[in-house]
Amino acid sequence: MVKPKFMEGPLKGNFASAYAAMDADVDVITAYPITPQTTVVEKLSELVGEEEFTERQHVEYVRMESEHSVGAGLVGASYAGARTFTATAGQGLLYMTEMVHWMTGARLPPVVAIQTRGITGPGWNIWADYGDILSLRDSGIMIQFIASHQEIYDSILQGFNITEHPDVFLPLFPAYGGFVLSHTAKPVKRIPWEEAQKFVRPKTPEWPHVWVDGERPIMSNALIMPQNFYTEFRIKIHEAQMNAIPVIKDTMAEFEKTFGRGYGNGLVVPYKCDDAEVLLLGYGGNALQAEDAVDKAREQGYKAGALRLRTYRPFPKEDLLHYIKKIPYVAVMERALAFGSPTGGAVSTDIMAICQRDPKARNAHIVPFIGGLGGRDVFLDEQIDQIKILYELKEKGEVPDRKYKMWDTFWTGLITGDKKVEVENQEYFGDI
Amino acid sequence: MAKTKIKDIIANPESRREYFLPGNSTCQGCGLDMAFRWAMKALGQNTVMISPASCSNVVTGLWPKSAPDWPYFNMAFAGAAAAATGMKHGLVTKGKGDYNVLVWAGDGGTTDIGIQGLSGAAERNEDIIYVCYDNEAYQNTGNQRSSSTPHGGVTTTTPYGKERYKKNLPMIVAAHNVPYVATASVGDPMDLYDKFMKAKKIKGFRYIHILAPCPPGWRYPAEETIQQAKMIVDTGVFPLFEIEDGNLTLNGKSKRLHDKNKRKPLGEYFNKKNQGRFKMVDEKILEELQMDTDRWWKWIDRFLVIQDYEEK
Amino acid sequence: MTDGKIIYEITMHGRGGQGAITAALLLCEIAYADGYKDVLSIPKIGAERRGAPIKAFSKLSPKNAIKNYSATEDADITIIFDPTLLPLPGVADAIKHGTVLLNTNKDLDLNIFPKDCKIYTVPVTDIALELNLLASGYPILNIPLLGALTKVKYKDEQGERTLGLNLDTIKKIALKKFGSKGELNYQAAVMAAEQVKELR
Amino acid sequence: MTEEKKNWELLRMNREKRPKVQNWTSYWDLPYGPVSLPVKGSAGRTGDWRTFRPVVDNEKCIKCYFCYMYCPEGTISVNDETGFVEIDYNYCKGCGVCATNCPKECIDMEKENK
């Protein structure tokens, strides 16, 4: 046994991804670099040649020539029954989109780590913004928002137990903020190989619905006429999403039991919700920061709670309603903009939809907040202000006004004229 | 290697097996149908085929029935070469590394939308065979222009004849320095069969460009498929050759056609009476086509010259 | 760790190639090995290239989990890799309180810093050159500066204390990270710790 | 779920043991994704497409097997006992390629009487 180079210590989020993929015993990795994912593929390039890994597992690592090919390569390898992994971000994910739909349509189980990044236009942007992953909201993939470095590792390790579950067979895309988590380092504990292998789903020679065998030839994903079950196969994808809810919960419960750490029930992560009067609901790094905001606000006498949406697809309707029914003043903070949608945010629209269908949650006040686009910091004070807005709403019965409220949505951090952005042309040192 | 003869095929029960099952939905006289049939006779059932959007996507059968009696996977248009790459690596991890992995793409999926993936896989020298069956347009969707449509050819998107020339893809692939590049025509099934037999034994990226006439798209009667496929070779428009490790060999009838005088006049092939799609070909276009054909042969010369030089 | 402070926030100002980003990460590794409960290193990645001014941040928490990934606005300790950075906007003028550690072998005008700031200098460039501690021709500054940091004190209402980092830990991590060059790095750290000067 | 499993077991059989007819009747029967099985006549009885039927005159046949070689569909087989070719009229689409390429012109394309 070769001693592992790294077992515990501060680790970049992207390195945590790379280690997790290797510890989950993937077979095939296809990769193409893109900021801010680059260090994942760099690290994997290193790891696949390191003795620790070459000694115990066989990984085929393919340096593709584009993200579309990365996606196609995953589909090909996955057809063959291999466990597959890759990572991408932003424009790369957009370029891969066609293949993402193919993965779900063919019911293949890869895990794809996403370092979310602002979609380019206007101007290039490479910093955290969930617009890229949310553009695939309806593609049938499972989407998880990750908030810490350890969670990146743990989620990817859990990933294959979810995707390869016989009731599911859908790809999982754990997403975490580009640079916010990808390039920062926080302490991460790796799980020793033997223990990880006991947890990770045992490999099978082939999937139940697609295989390669000359004696048992099949054709996969043929043309289906409209009258011939196309609708039914599409609904099956939806069914798999619904099936995934208990699978995600069970996997998280088992993980917590085995390794002693967990993230809520895998779907949502509550913080001080038991006695809360208002609720900050969010996802990703900002939702973790909201826990700090809740603590600070409680010092000032505001009884707030935080709820982190960890799994967005499948949508954890019951779990969200459980909290919203108890705490009917909810700020939904989003780091992505759904242009032209009713609230400007995909998640808040979904939450309003589930409330509307539940008589006990129908009167809940859902207040959409959008901020932090393209990596702009969302400050603690801004989140405390969100709590204050909820309290004003609670006391006065109507959503208060702010300069940064437009179309019934609060645009956190909007530059409204009271803050001047000065650019010195002589010696510009941008705060980047 | 001696050329296989049809009697050898008949004598061998193995090669008499039909893999591309009859009763599929190819058109009458389909060149693709023949290409499938003979390629698979050479490759056998332990072959995985990845097929991007093309005629082969459709003629192989609507769900839940299919014609290919070997593992066959449909793929999105631009992703075939990459999917085959992934498939090969996946099979290696699953202990099935001895399977032949093929891309079976049309000319659109090869020369147009799929060329990035093709070039990437060729550059990485992936252990796959890339087959382009070239019917010189997007015939699946009703005959739209592709990069492989010949100059002057009428398609639904070039109703006045295509202005530009056919993309010389075999030479583009050869420029990647892959171990094997070949052209074949369904007009010479035994040559095609031999090329697959040879490709099967080579490791690394192999590219086979098959000319497969399309009766409805090219607008000629179904029974003439073989004659059309032969004529395009006889006129020198589509030379048959193999490039092994950079060495080019002319095959079949093309062997004699290096001498320009031995080629049939282009007018016999690019003729509206021969194929309806050439109704816009006039004297000027014919001259340009001649120029283009000569250009193809110049490419061949380059490889032959290098070969001669090395031999000296 | 019995330190009552919730989180130490440290900002590094350097130039591309001087190793400020690595320093922020190394500091986290050292602090974590020295018993801090949670640490976070934040490189500010943008359009920087070699030679351009850059920033990196470390957050060290003795007891609590760090949940805020935002860059530090008001650092407790500011480490400046190069005195030429001082006049740039966002460097000296951004220091509001806490401690400053500056790499220089010259005297310093203390008036550019707030009155209650503690100021330290250490000539790590000289030390690196003396030991021939170079990477692609540039003197390595990060480990020596972290060596100096072990002696640097932070002052607030709870009194004065160091961060509790050990030179031994630096040695361990330098050996692990830099292999054969680790020993030299450690020597530089020790020298820097000896030569660090408290100006105020 | 149990229902699904039954169907899947059939799909996963070797070529010989597979069902000759696939019966998919409801949403609950279906596997995860579309899997097709190879069958002769995936497009139905394509022999019905014929306008002209190729008929071989064995008297003139020299057993060159060009028709076998050029038949796009693979509907021409060789009888091992006689050495003559046989045409599977169930699937022969009547393209006429065999007749065109017969060196002895011993294949006639006769009008179908349907």
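The chains carry the letters A, B, C and D, assigned in the order they are written, with residues numbered from 1 in each.
In this text, a contact is a pair of C-beta atoms (placed from the backbone, for glycine too) under 8 Å apart; a residue touches a chain by one contact, two chains touch by 3 or more.
The model shown is predicted, which means the values in this text are computed figures rather than measured ones.
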Quiz prompt | Whole-Å separation of chain centres (CA-atom averages), chain C against chain D | solution = 78
Quiz item: So how far apart, in whole Å, are chain B and chain C when each is placed at the average of its C-alpha atoms?
Solution: 64
Quiz item: Per the centroid of Cα atoms for each chain, what is the distance between chain A and chain B, given in Å?
Solution: 44
Quiz prompt | Centre distance in Å when chain B and chain D are each reduced to the mean of their C-alpha atoms | solution = 24
Quiz item: Which chain D residues reach two or more other chains?
Solution: 15, 24, 34-38
Quiz item: Which chain A residues sit where two or more other chains touch them?
Solution: 211, 215, 217-222, 224, 229
Quiz item: Residues of chain C touching 2+ other chains?
Solution: none
Quiz item: Looking at which chains touch, is this a line, ring, star, complete or other?
Solution: other
Self-check item: Set of all touching chain pairs, with the criterion as stated earlier
Solution: A-B, A-C, A-D, B-D
Quiz prompt | Complex contact set, residues of chain A against chain D | solution = 105-107, 169, 208-211, 215-222, 224, 229, 232-233, 235-236, 240
Practice problem: Would you pull the chain B residues touching chain A in the complex into a rising list? | Solution: 44-48, 50, 57-58, 60-64, 66, 68-76, 78-94, 96, 99, 116-117, 119-120, 123-124
Quiz prompt | Parts of chain A lying in touch with chain C, wherever the complex brings them together | solution = 9-10, 12, 36, 177, 179-181, 183-187, 285, 288-289, 291-292, 377-380, 424, 427, 429-432
Quiz item: Touching chain A in the complex: which residues of chain D?
Solution: 8, 11-15, 24, 27, 30-38
Practice problem: Going by the contact rule at the top, pick out the chain B residues touching chain D in the complex. | Solution: 6-7, 9-10, 16, 18, 20-26, 28-31, 33-34, 37, 59-70, 189-190, 215, 221-227
